[in-house]
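Following this line, the structures themselves.
Next, two complexes with subunit A in common: one pairs it with subunit B, the other with subunit C.
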Partner chain A sequence: MDLQTEVVIIGGGATGTGIARDLALRGIPSLLVEKGDFTSGASGRNQGLLHSGGRYAVNDPDAARECITENRILRRIAPHCIEPTDGLFVSLPEDGPEYRADFIRACGAAGIDTLPLSPREALSMEPRLNPRIIGAVQVPDGAIDPFTLVVENARDAESRGARMLIHTEVTDLIRDGLRIAGVRVRDRITAEAFAIAATWVINATGAWANHILRMAGLQIGLALSKGSMLITNTRLSERVLNRCHPPSSGDIIVPNDTVSILGTTSLRAEDPEHYEVTPEEVTFLVDELSRMIPDLKGERFTRAYAGVRPLLQLEETGDDRSISRGFALIDHGSCSGPAGLVTITGGKLMTYRLMAEKTVDFICERMGLHVPCSTHVQRLPGAGQGHTLKDRLLRLRRQTPSAKGEILCDCELVPREAVDAILREGKVRELQDILHRTRLAKGTCQGGFCVYRLLGLLNERHKADHRGGSNLILKAFLEERWKGIRPVLWGTSLKEEELIESIYKGLFNLTPAEPGRPGGGEA
Partner chain B sequence: MKRFDLIVIGTGLAGLTAARTAIGMGAKVLIVGRGMGALTLFGNTVDLLGEIPPETEMAEGITHWIAAHPEHPYARTGWEGIESAVAAFRELFPPPYPFAAPGRGNSLLPTGAGTMRPTWLTPITMAAGAAMTPAETLIVGFRGFKDFQGDTVSLHLKCRGVILPLPRYGLEGLTAPALARLMDETSFRERLGESIRQQMAGERFIGLPAILGLRDPAAVLKTLETITGARVFEIPMLPPSIPGTRIFHRFREELIAKGATFRMGHPVSGAIIKDGRCEGINIDNPPLVAEYRADRFILATGRFMGGGLWAEMDRIIEPVFDIPVFQPGERGNWFGERFFDPEAHPIHRAGVVTDADLRPVDAAGRVVLANVRAAGSILAHHQAIEEKSREGIDIATGFLAAKRALAS
Partner chain C sequence: MTKEEKPGPLTKLPDVCVRCATCMTACPVSRVTPRFPGPKQAGPGAQRFRSAAEASVDDWIELCTGCRLCDTVCPAGVPISEMNMMAKAKYLDERGRTFRDWLLVRSDLFGEMAARYSKIVNPLMKKKAVRWLLDALLRIDRRRALPAYEYPTFRRWFRTRQAPEGGGPEVAYFYGCFTNTNETDVGKAAVEIMEAHGLTVVVPPQRCCGIPRLGVGDLHGAREMGRRNVDSLLKTVRGLDIVFSSTSCGLMLRHEYGPLLHLPGAEELALRLFDICEYLLRLREEGKPAATFQPIPMKAAYFAPCHLRSLDIGLPALELLRLVPGLDVSMIEAECCGLGGLYGFKKEKFAIAEEIGKDLAEAVARMKPDIILTDCEGCRMQIRHLTGLRVLHPVQLLRDALERRGTA
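Moving on to the complex of A and B:
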């Protein structure tokens, strides 16, 4: 099965799907390949922060202006992915009034609206804040749901003719003299290998950019920076809380629906595939953020996770936070590489649309097309839908008017029908794909109960891979879940973990993969 | 102020066993608990030690095993202690709902994941599970009852399976306790038995989720076996556990009948300590704090789930008496890198270390409180989840703690 298209996009994150949508809106055929599922990389592993740009205002005014522009665009095109919470930049005594004054000035220069608040005002708005604060500034920060954003970009692109292949990995670039003429790929589930011929290949793989470029003997200066985050079981604040000081580690709390996400750290990573959240990072985040919310230590943490930021490293500096968060569009043909290959990397979730726009502008220019970008005005397909808890509950009631509404996930109220609808669409290929597309396993028990139920449903539908049975999938899920849970096991989350271990290792007698344990395990 | 011979803290299987043992010895007993304990979540069968192979005789297997595990709670009770405690447990469950060991060693019973699991005593409602063969067994799940996935069970056991709609109700979203109460109704279980019979293709065994009634499970079993002509067995499933709830109710009924004082739903908020002894405890009952005094105390508050142990970010504590806890190292080492590590996670070894008399001791081996004993899963140096020894440890140490407490 060899395929042919105009543009191949490698990478199913925000940038890649954003490019696919932009190309589709301008009538250019494309095919996107992603080796995992959508949002498998940094797009699914960030803090979910809709930046106002305030964070960059003092040190990087260009980035700040980019952020506030995209912030306004995203509110318009993807309102259903955004909770317009606003954000506070909170000054503790050690942060001092000087930085606060600089901050307000710099925001003004970048076009970011600010509202200075007295400590009393800030505390009445966010009662869990440290009562020792000396002031706060309100800015138009918000919370963004990157999963929905990316899946909607992909869905919209597909409805306009783009093609998407997930679980499909690029194994090589096809050379045709001095040009790159397409990619060779392999389906990671069926192991089928095939070629995709294209005029243009866009490398939108973020932290994996050099993995692709190595296939053409190329390399760019890219530093990988691991950022770790913690999720609390409850929502700590109504608004995004930032420390009003030069951007640093452990200084942001982002509300996300019914929970909060605490971040981040910034540590050099070697490999975008293999990294973990260390106990030291967890202790650091809890200690550091306790300065803003003093009773944080008593909170229940449900999960830790990390993402790898691709930071452009055009010259060597010491601190990763001082490397520009800006992006680069590299046409390898114009810098002694093969023609037809473009890399777009660096940047951040906030600028994904702008990155896509610049990339497609470039392609159009080379193709001699004069079609303007419209992604800043064309709303995403689900834009009319709310996505707050209230909206979800209302939809649930509409979807399940009768008593047929069996709930698979009690934490996040995911009905059986929601999963059935995804199965009917026929695009999911493994368990994690279903989990990405619903809120299953994202609640307090982190899938401890509902994944057993989901696999029962898949067995009933004969969708589970029967080689070795669904318990192999269950065990693989529990291992994946473990990576996020293990770093936060103390207090209440440890109680829950004893419950989960008692179910799967005790009651169900699931054992490590090694066979031959006496009396144990799989029948 | 009320005074007792013995106060048992904890209403799980260890605490219930201790209280019943003490009542049997004529003591005036108070048993207090925050909730119903892990028994009502996971209690199904009585496990002693799952790693003893089914072909090995249990007494012999455990005796050898204890010799190799001198720090394990079983080393305090010995096989004799386990045997007499389990015999006392069985006396509490006469026919028609007895607990028995299907074999001389462990038996393998099917689970809600379609795996086989070793155990020692099974209630009569689970006994046929040890005898079933895949070709002769029908697994029955219920539409809308999500905590038992019948297709997962039948697929892994390689049996035939059916998912039946439940009679009478639009029952999607039904919980195990609600379903068990419905099974207590004769007309309901007769109709269910009839709809199972219509699905049968000559099977001799029928496996159902463990919901065969709360009040009279033996009668439910009999109805279903009469109608279907097959041997019916319950399969353990996601918590809560109906068989465990039956055990809890039986103990409570017995304790109350014999004059024990039962206080549930309120946490112990403090202990009155004087000269190395506990004189009394405070029970939080807002807006009041009640004080209860006794000569002896048994701490059977379980592990993390039950609240017997609590993990701070840097260490593990025992909240009631602040008894020293055997620590599993730094937080980064509490758990292995994989969920299914071949070894149990180091944290499972944490717990209260005792002398031979089950009195908690500090790191130097000195008794901490002369009249306090610890029993059940709060004890250190066992791996109840991996070992499949939860009920055995609870019953054997609860029994021993009460005997030793009243002998002092």
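Moving on to the complex of A and C:
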């Protein structure tokens, strides 16, 4: 099975799917390959913050302007992926009033609306804040659901003719003289290998950019930075809470649906695939952020996770197409590499649409096409469908036993019909794919009590037949889950984990594949 | 909001739940209707979706009867019913309460009057036309018998009676509204059994404990009732123990005034509050003068009310009843009678109360007892309604065993 298309996109993150959608809207055929599922990389492993740009206003005014522009665009095109919470930049006594004044001035220069608040006002809005704060500034931050955002970009692109192959890994680049003429790929589930011929290959693999470039004997200056985050069981604040001081580690709390995400650290990483959240990072985040929310230490945490950011070291790229300090678009043909290969990397979730726009502008220019970008005005397909916490809570009302309204995931109130709809669509191939598309297993028990229900459903649908059936799928899930909960396992979570372990070991008689901890050997 | 009225840190509560779902198996309401999602889901589960700043949407919270069985089975110590109470209060504060609910929780105010004119009121309450009107206008279900009023009230009886030669240690008695105006014999029996144990009974000034207000989520009203009771009862407990014969009044005084309503002085009061059977049993265990019981050859079934389980004192009534020679007493193996106080009188909830009670009715049918004994007036009403049998407070039978009057 060999395929042919105009543009091959490698990487199913926000950037890759954003490019696929932009190409599709401009009528250019494309095919996207992703070795895991959508959002497997940094797109699915960030804080879910809709930046106002405030965080960059003082140090990097260009990035700040970029953020606030994209912030307004995303609110328009993807309102269902965004909770417009607003954010506070909170000054503690040690942060001083000087930075706050600079901050307000810089935000003004970047076009970011600010509303200075007295300590009293800020505390009445966010009662759990440290009562010692000396002031706060409100900015248009928000929370964004990157999973829905990426999946809907992909869905919209597909409906306009783009093709998507997930769980499909690029094994080599096809050379045709001085050109790259396509990619060789392998299906990671069926092991089937095939070639995809294309005029253009876009490397949108983020932290994996050099993995792909190495196949062409190329390399760009890319540093990998691990950022670790913690998730609380309940939502700590209504708004995003930032420390009003120069950007540093452990200075932000982002409300996300039912939970809050505490972030982040920044540590050099060698490998974008193998890393873990260390106990030092957990202690650091809890200590540092309890300056903003003093009773944070008594909070229950449900999960720790990390993502790897690709940070550009531009002096080595020698590329003049760098659009901002945030991201770079590199046409390897114009800097002594093979033609037909383009790398887009760096940047952040906030600028994914802009990165896609610039990439597709470039492709169009080279193809001699004059079609303007429309991703900043075309709304994503699901726009208009609300899913507020209240709406979700009301699902409990419709719940009747064995009927359609049956809830699979008690913690996050995910109904069976939501999973059924995803299965009917036929795009998912693995358990994690389902988890990326719903909030199943993202709540208090982290799937401990609901994944076996999901497996029952999969068995009914004969989705669990391949690769050894439900047992292997369950073990793989439990191992992945264990990685996330182990760093924050104390207090009530630990008690609950003992209960969950006894269910899997004692009732289900699940045995570990190898010596180690049952219910999830260390990966 | 003054400091004493500040609610507990409810935001923390969902964190304590280990999601074992034991409470889901104990909840009588979710057992019979899918409209109530059960304690775990309605409490710690839903709490993660609630925002203090936004209006409540979880209308099912009204279906919680407040039986507190969830609390008693929770291995993690989550105050689930308290969480549900706060949610119910917020929901009903926003939506407003019906005139029926306003009226029913004030039965203490018209009770004295109704008792005085019981000869007119009682037949009236049995009239089909009146019941139809109450059903249609106030949605008080006409299939539920309304409790008859009695005169003289317990309070009047106590004040005007010829007190026996005392001299024994004094104890204060909290009789509760229902005993005062609807089941005066429970109060009389309580007084007599305590006197038979060498005690001198005093009745301190008191008023409705306020638990009916909790049923409609009226925390403010309940707090007002509680504050007045605490003020007068504190004077009493600074010298005397107080016993109660109504389980729900007792639960309210002992467990809700403090942890839920944060009334100042509630903890001091709680330390000297006792269930009547708990108190008598303790006297006997301490070797204090105790009454002896005459044989009552009878087959009795004892039902432990939900609120008694919440008091966490074991089953003192059952232990006392087993001291009565000839009395063959066994437990009714059922979780909840289903009435939930005023809950079962409400038209929209009548069917739920009936369905919950089926288990109990079936258990009783298998046991074929001559008499049923239970500490709670709500349970007594419901069991009479479900079985048609004679249902008494345990102290009534104990009193009869004293006097060799026989109960048959």
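Definition applied: the second predicted complex is superposed on the first by the 484 of 523 C-alpha atoms of A that agree within 3 Å, B and C clash if a C-alpha of one lies under 4 Å from a C-alpha of the other, contacts with A are read in each partner's own complex, and residues count from 1 in each chain.
What we mean here is this: contacts are C-beta pairs under 8 Å (C-beta built on N, C-alpha and C of every residue); 3 or more make two chains touch, one makes a residue touch a chain.
Given the structure is predicted, the values throughout are model-derived calculations rather than measurements.
In the superposition on chain A, A:L499 makes contact with both subunit B and subunit C.
By the touch criterion defined above, A:L413 lies against subunit C but remains apart from subunit B after alignment on the C-alpha atoms of chain A.
In the superposition on chain A, A:K390 contacts subunit C only, with no contact to subunit B. Looking at the superposed arrangement, the partner reaching more residues of subunit A, out of subunit B and subunit C, is B. Look at A:E299: by the touch rule set out above, it reaches subunit C but stays clear of subunit B. When both complexes are overlaid on chain A, the residue A:C335 reaches neither subunit B nor subunit C.
In the superposed pair of complexes, A:W490 makes contact with subunit B only, with no contact to subunit C. Once chain A of one complex is fitted onto chain A of the other, the partner contacts of A:C445 are limited to subunit C, with no touch recorded for subunit B.
When the shared chain is aligned, subunit B comes close enough to touch A:K475, but subunit C does not.
Of the two partner chains placed by the overlay, neither subunit B nor subunit C lies in contact with A:A191. Residue overlap on subunit A between its contacts with subunit B in one complex and with subunit C in the other: 449, 495, 499. Chain contact summary for the complex, subunit B toward subunit A: residues 38, 41-42, 44, 50-54, 106, 108, 110-118, 141, 144, 146-147, 149-152, 155-158, 163, 170, 172-173, 236, 238-239, 303-305, 307, 310-313, 330-332, 334-335, 337-342, 345, 347, 384-386, 388, 390. Those residues of subunit A that touch subunit C in the complex are listed here as 233-235, 238, 258-259, 298-300, 389-390, 392-394, 396-397, 399-401, 410-411, 413, 443-445, 449, 492, 495-496, 499.
Taken in their complex, subunit A has these residues touching subunit B: 278-280, 283, 286, 297, 402-408, 449, 452-453, 455-457, 459-460, 466, 469-471, 474-475, 478-479, 481-482, 486, 489-491, 494-495, 497-499, 501-514, 518-523. If you check the complex, the residues on subunit C that touch subunit A are 11-12, 14-21, 34-35, 37, 40-42, 45-51, 53-54, 57-60, 76.
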